[in-house]
Amino acid sequence: MTLAGLQTTLYALILSLAAGTPLLMAAALCCTPLKAMVIRLLPWATVPALLVALTAPANVHVEVDWFFMGGRMGIDATGRIFLALAGFVWLLASFSSRSLFKNDQNRVRFFMFFLTAMAGNFGLILAQDMLGYYLFFAMMSFAAYGLVIHKENEDAIRAGRLYLLLVMIGEVALFTALIVLVHSTGGLALKDIAGVSYHPLTLVLLFVGFGVKVGALPLHGWMMPAYQSTPIPAAAALAGSMVNAGILGWLRFLPPGQISCPRGAILFVVMGGLAAAYGVIVGLTQKQAGAVLGGSSISQMGLITVIFGMGLFDQEAGLRAAPVLILYVVHHSLAKSSLFFGYDLFIRQGKTVSRLQLAAILLPAMALAGLPFSSGAIAKTAFKELALSLGEPWSGLSTFFLPATAMATTILMLHFVAVIRRCGGSGKTGSTASRTVFVLSCIAVAGTLWIWPAARNVATHSVAGVKLLQGLWPVAGGCLLFLVWRRIAWPTGLPVEDEKSKTSFDTLVCRVTGFLQEKEEQKPQEDRLVLYLHRLVPNLRRAEKIMGRWKVVGLSYITLCLCLLFLLL
Amino acid sequence: MNSGQLLLIAILLSSFIPGIIIFCLPEEKHRLRTILNLCGSLVKISLVLLMNAGIYYGHVFEIRIPLIPGVELLLNGDPLSALFATLSSVLWLLTTIYAVGYLEGSPNRSHFFGYFSLCVTVTIGIALAGNLVTFLLFYEMLTLATYPLVIHRGTEKSLRAGRNYLIYAFSGGAVFLVAVVWLQAVVGPMDFSAAGFSPSYIESHGSVLALIFVLLIIGVGVKAALVPLHGWLPQAMVAPAPVSALLHAVAVVKAGAFGIIRIVLDVYGAHNLLLLGVLPLLAAVATFTILYGSVRALQQDDLKRRLAFSTVSQVSYIALGMSMVDQPLAVIGALVHLVHQGLMKITLFFCAGNLAETLGIHRISEMRGVARRMPLTMAAFSIAALGMIGIPPTVGFVSKWYLGLGGLAGGNWWLLVVLVVSSLLNAWYFLPILIRAWFGKQQGPWPEEQYVGRFETRLMLLGPPVITALIVLVAGLVANAQISPLAWVRFIVRGYSL
Amino acid sequence: MKTGTEIMGKIRNRHKRRDAFQLLFLILVFFLMALLGTIFSTIPVNNPGLASAVASLQTESGVESPVTAVLLNFRGYDTLLEVMVLLLAVIGVWSLIKAPAPDPETEISPVQMGVVRLLAPVMCLVAAYLVWQGSHLAGGAFQGGAILGAAGVLLLVSELPWLRTVPASVLRFGLVLGPLCFIGTALGCLFLGGELLAYPEGTAGWLILFIETACALSIGLTLALLFAGGRPHENVSRGDIP
Amino acid sequence: MITTTLYSLTGLILFGMGFHTLIIHSHPLRKILAVNVMGTGVFLILVATAYVPLGQGDIDPVPHAMVLTGIVVSVSVTALALILACRVQETSNLALLKRRNQRKETKETRA
Amino acid sequence: MFQADTPAWIIAPVVLPLIAGLFCFLFKRRIFIIALAAALANFFVACFLIYQFLVFGSMRCYIGGWQPPLGITLRADGPALLMLLMTAVTGLAVTLYARGYFSCRIADSERAGRHQRQQRYFWPLWMLLLAGLNGLFLSGDIFNLYVTLELVAISAASLAALSGKPASQRASFRYLLISLLGSLTYLLGVVFLYRTCGVLDLDLLRNLSGNGAGVRAALALLTVGLLLKTALVPLHFWLPPAHANALAPVSVILSALVVKGSFYLLFRFWFELFSPIVTQAGLNFMGALGAVAIIWGAVQAIRQQRLKLMVAYSTVSQLGYLFVAFPLSRAVEGAQVWSIVIFIALTHACAKSAMFMVAGSIYLHLGHDRIRDLAGVRASLPVTVFAYGIAGVSLMGLPPSGAFIAKWMLLSSSLVSGQWWWALVIVAGSLLAMVYVFRVMSRFFVIPEGEPLKKPAALSPLLEWPALILALISLSLGLLAPWILHILSQGTVGLVRVFPGGLS
């Protein structure tokens, strides 16, 4: 084997270890003696991925022909960021869940799905061919179902059903889109996509396929119930990392900077904008913390969708939008996961939440709202700059749309804080681990964008004087509005949640499924032929008897004679 | 007689002789019987693999036995037959193991295994048939060999199922016979290796040839369970689980689908069919079957019935792919689905059999929480079911992928719609089962729990589904490798130069 | 009363229907026969039949009577099979039924006994004569056999006691004798002359006489036994345990 | 010539009559006799055929031989048929008797 | 004297059973040995004759050295020899089976005497029947055929009545009358023919028979006479009761062999002797009758509640196939007509014998043959059930049975000539056959509830194996097709002369 060959093999091994380690660990969970050890080592599952993200040289590509339909793995700049982000979020989530599920009877199952979803998440980031991406995407999506439904109560089952339905729709949409893409590119590698002209249908399919994960507007239904039902560490991973897979999918399959597609851009921007507004509104109606965060995610992802849509306009816009998009994604992921970890902490500690902790949770919350000096401020500044740089149709966004969303998000976040303050956990299980995780995540929210070289430029912009003010007033306004709204909406404090939050779509699905499934098994019909024969039998018997009479014999004898005579003569 | 011919004969005899010996064995000698069975199937697998290697390197395997002028028996090993033969012989081994475990202690086992061996002999015969007459010969024999298996339980219900099976199968056989004779009357005797008759006949006998094509498809469509000829299949699920596995995955339905492939590729040939313009008809029937089967499957609460309707639906992918015979990718999809569907469906039936045999579970509504009791079985079931839906990296995805690509290459957008709708329907009827099994809560005791032991069920019952599920997974994961069903199918399709 | 008339009406109807059918049938039969008759009578009779062929080979046949020549020489094979048919009839009858036991109480009138005693030998003589005459005039084994059979019937009718004591094996032998001689001769001819029933030169007449005699005996016995109407009582055989 | 025709037609008529009887009448004996009549008819025609007008009044011996053979055959068959008819009659009579007896018995027991 | 090419060998199949029959009648003990020896000898002679035929060609034996027109000719050509072989094989099997059958019945002490007597008369009757059949197949003289027909008819009727049951005697009586009627009609036809042509030899008749009305009337009469004996619908009514009520070996003989004899003649007449005057309308008429027979027989078979009756009606149905070949004969080349018929006849002979043997064995085993109550037979008589299945498959005409080959040729010629309606009938017939075969078959697979009260003793292998072997032969006849075709094509020298340039 040549040196180059050895190197390739080595890279292949390392890259596949990133996704393979969690998978192997999941497999090891099947084996009873290894269970305890695997659970103990859970956080280590993310280590290879993190190592790859941090240490791999730039632009490693490996081709493994035999794998699936021709596998290509590699890590590029985007991938590295996503991988690092995912690794971090999963690492925290695994610490948290390890401590949460010490005594759960279904924990093995949970960890199996947890690890599988993790593997899918890492794998899709590393995949460099369409089917590989699709494969890991599907793996992650379906494994996440196991996380959503873990609690097995009615809400969880309903949420799971909805999630699964949308995932299936996304899968088939993606499948179709992939077929169309492969048909037009002729190759399976992601790099072949560059320069392809998209059929409008393909665009829609891709929007749907990844939009399900992103929670784009008509496909957002699963997000709030799922966030609420999923065990919180897993929800953190879901919101902090898995959701990004949709964004990454768009980046991979509609690479900004390499394509231009104005029609698609309009689709994305419109849907994103609507989602940004809708998410907040629907979030405010929720009375459970997870659901509120779900609403926030819908809204934030809507913003990201808008950025992405802007990047689709032409190649130049794409080149500019991509970094902003990534920046925003990193910000949102960290903040959202941090919120979840905080929520987790509140749940676990119950009434013993300290003021410091309450203040701490305001950090990611306000970061989301875009409070100056937070990562949110940096991301929003980048967004504004992008909008301004793109010229006329977009610059309006920065003046009205962004402050409005910031204000709305502030309200929503305050609502969230109000909701979780009431949460009372059962005891103190693993609160240490939870606390550590939360602290770590808070640090990440606070620090990442400041120390990230790529973001440093924007970061410095964001703290420039005017920007500070521009960032501050929506937040302040939001706070005010929140107080007003709270007085109006719940003059007596938050009502206790008991009614089932059920969307009408969900009921419809339930009803159709139930209608079809509970139909009685059709009785096998008695064989018509045999019945008919049975009815014929007496007649047949009579006929045969008649044919046996001498008279008939004589007649037929004569008839035969005559017939033959005539026919032969 | 050269070595190639000897090999062909040995392949047939490797299950025929054990079968005959098993018939003569007394009921009690189950150890000897098992050994015979396993030896036979192992020998068969190795012989088939040997033949595959030979075919790959271009050896000719051919036996001709002339009967009357224009009618001869012809056994011929070509890549396509190797595909089917390998599938059948491998699955036969697993099914045999499974059946040994399944039927432990039930009556009439000698007969059962005797017919079992005959059945696989005949299936291999179908695979190796080199012309329509030979195909017909084994096709009819297949009905005969499977009939005793279908009614093995000997109850009134199984008798009724058997009767319907016979009526369907023999009617189909009769139509097929007429079509074969007619075709021969029109174009003269023809081997499969000719890959289609001369297009000049189309000018002179176009409509007749189209009619014959329809008749031929009806003939094999009965076994391939094309709607409306599928009626026997759901009823036949009263048979023991190994038999269902055999019917759905190894022999009968597969033989029908294989027949469609043969007719389209080797009897008519892509070119002629395009000229005749009958392919849309096949496509329409296949589409309808796919959708109809899925919808019907959705309505069933009986697990095996649901699986049976799922077979109805799934096998038609093959017909669908063959209806776009001018597209090599679609043909690849169809051919590879022949193998893939077999693997997945046999896993499902094994698992269903395990549930029924171990816990007495027959209905989906009884399956709540069963995965806790039988995790491995249900894991295998899940993999196969996900494969049926077409989730990567299972083999089911590979077939669908190629079908879709082929359809698109031929400009058939509707095919994508069909695939999407059917995938959704598949998900709709499989995922609830999985959810119920994995996340449902057990309600009350199992209907008839019969086995309590170290593993969740007997090893002989557990092994085969796990192995096939692994194959489903692995064959998908390494689809692009040098040795995989897909690679072999590509090799086949290369030979046709479509 | 009403029902009674109805029934009567029904019966009458049935009769009517039957009559109608009979009429129809009669017409049909008549029509068919008329058709056949027409055809038969219009057949142009322009072939000589086999008369001339027989006549030309008469001298080679070894007998003078053409009918006998045809029966036992030219178409001897037919006759061989025909003898078998007769034997078959006996076997068939025997397989079906046992001969009715004689009624011990019936008295045979002395007149009848006398006539039988007188006639039987004469009939035997006539039979022998007929067989012998067969070679040149009308007559032969069948005619002789028929007379012999008649004699046997006479004896049977008059319930001669010794008839019943004839052992079955003897009867069997008697029955088989004719066919056996016939086949034996035929095979002998085959071995000697190379053809079945190809009588060697010059011996035809005698061989035919031999066959005829044996056959006449068997035929006579056959006919008589057919009249007896069943198998004899075989004391020895286990087959007739009552 | 006319003689021949006459004979043959008579033979045919006999054949037809026999056939008619065979079909119409149900009694076994009649049937047997009918068949005999039919046979006689055929033999009659055969005998008539033996007359060859072309030669010098020669008689064709072959039909005669055929008639002889036929007669023997018909004798054998008649014998067999008669015996069979007897058996049938006997057994059916027996069956009839039995049935009657049974009926009587049941009546008695009822009484 | 007896060189391999001596034509005199032809008489052996007639003479050997004849002598055996005589001896069987004469002796009391060891009859079976005589019969078996004769059957074996008959088989070997048949094989030898085929060998002789293949080497030296068609043979003619002039009995008594008299050439036609005066003498009687025996001739051995392809079809005749194949029928001879069929008879020999089936005959051998029947002989063995009958031995097993009778010993089994005699072992039953209840009516041992009666059973012994039946055996005593069975052997001579059977031997004479065999001789008659062989004579029929070989004979080349139209009057001699009459005698052989009578020989067959009388022995068959006696055999049919042998069981002693009233039903069988009634059936046998009817059978006798019908076959007499048939014989007389046949004889009338012979008279017409003799009147027209003045010869009796078939070869001469073929040359002499012109276009006259006499010959046509003769053909009509001969045909009707033979149809009566062949039991073609609507003249089939005598067959089912006669065949179903007879003893099992007798049913085998009647169904497999006897009806074939008269059909064989019919076919010879239509396609050899009188082929120049045969009209298409006549052929179609026969074909139509055959079609009706196929359907009617099969439907009646499906209706039956008793196994033996079912098998008997299946014979009615199968005979129809033989006649469907008539109208199609002109669409195919000369030799194929014979091959169709021969294939059907051979398959049917073997398969039907096997089926009747099976039915007989089951009757012996269970004491009844009600189809409803056949459950459990599979466990105790596996070989028999297997034989039934294989025979059934052959009857249905599934490959590779001989019937399949025949069906193939029929279908092919009907489709080639555009007479697709025959194809419909043929296919429908085989589907109906499937129904009646598997109606019984499925009952075998019913697992009886509860334990059987007493396990009946196993039957002698003589009762089980001949059936299986015959069934296997019938199934594998298709594989022997080239060989059979070879014999037929050798034998059609005469046919080619008759149909110059084939039949088209």
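Think of it as A, B, C, D and E in the order they're written, each chain with its own count starting at 1.
By our rule, a contact is a pair of C-beta atoms (placed from the backbone, for glycine too) under 8 Å apart; a residue touches a chain by one contact, two chains touch by 3 or more.
Only a predicted model underlies this, so the values are computations on that prediction, with no experimental measurement involved.
Across all inter-chain contacts, the pair with the most C-beta pairs is C-E. Nearest to the overall CA centre, using the mean of each chain's CA atoms, is chain B. The most distant chain from chain B, with centres taken as the mean of CA atoms, is C. Between the Cα centres of chain A and chain B there is a gap of 37 Å. Chain B and chain C have CA centres that are 70 Å apart.
Here the spacing of chain C and chain E, counted between their Cα centres, is 28 Å. Taken residue by residue, chain C touches two or more other chains at 25, 29, 32, 36, 40, 45, 47-50, 54, 70, 75, 78, 82, 85, 88-89, 92, 96, whereas all remaining positions touch fewer. Each of residues 163, 167 in chain B touches at least two other chains.
Listed for chain A are residues 551, 553-554, 557, 561, 565, each touching two or more other chains. Taken pair by pair, the chains that touch are A-B, A-C, A-D, A-E, B-E, C-D, C-E, D-E. The touching residues of chain A, counted against chain E in their complex, run 533, 536-537, 540-541, 544, 547-548, 552-553, 556-557, 560-561, 563-565, 567-569.
Residues of chain D that touch chain A in their complex: 19, 22-24, 26. Interface residues of chain A facing chain D in the complex, by the touch rule stated above, are 550-551, 553-554, 557. Remark: chain D residues 1, 4-5, 8-9, 12-13, 15-16, 19-20, 23-24, 45, 49-50, 52-55, 58-65, 68-69, 71-73, 75-77, 79-80, 83-84, 86-87 touch chain C in the complex.
Across the complex, chain E is touched by residues 15, 19, 22, 28, 31-32, 35, 38-39, 42, 45-46, 49, 62-63, 66, 69-70, 73, 76-77, 80-81, 84-85, 87-88, 91-92, 95 of chain D.
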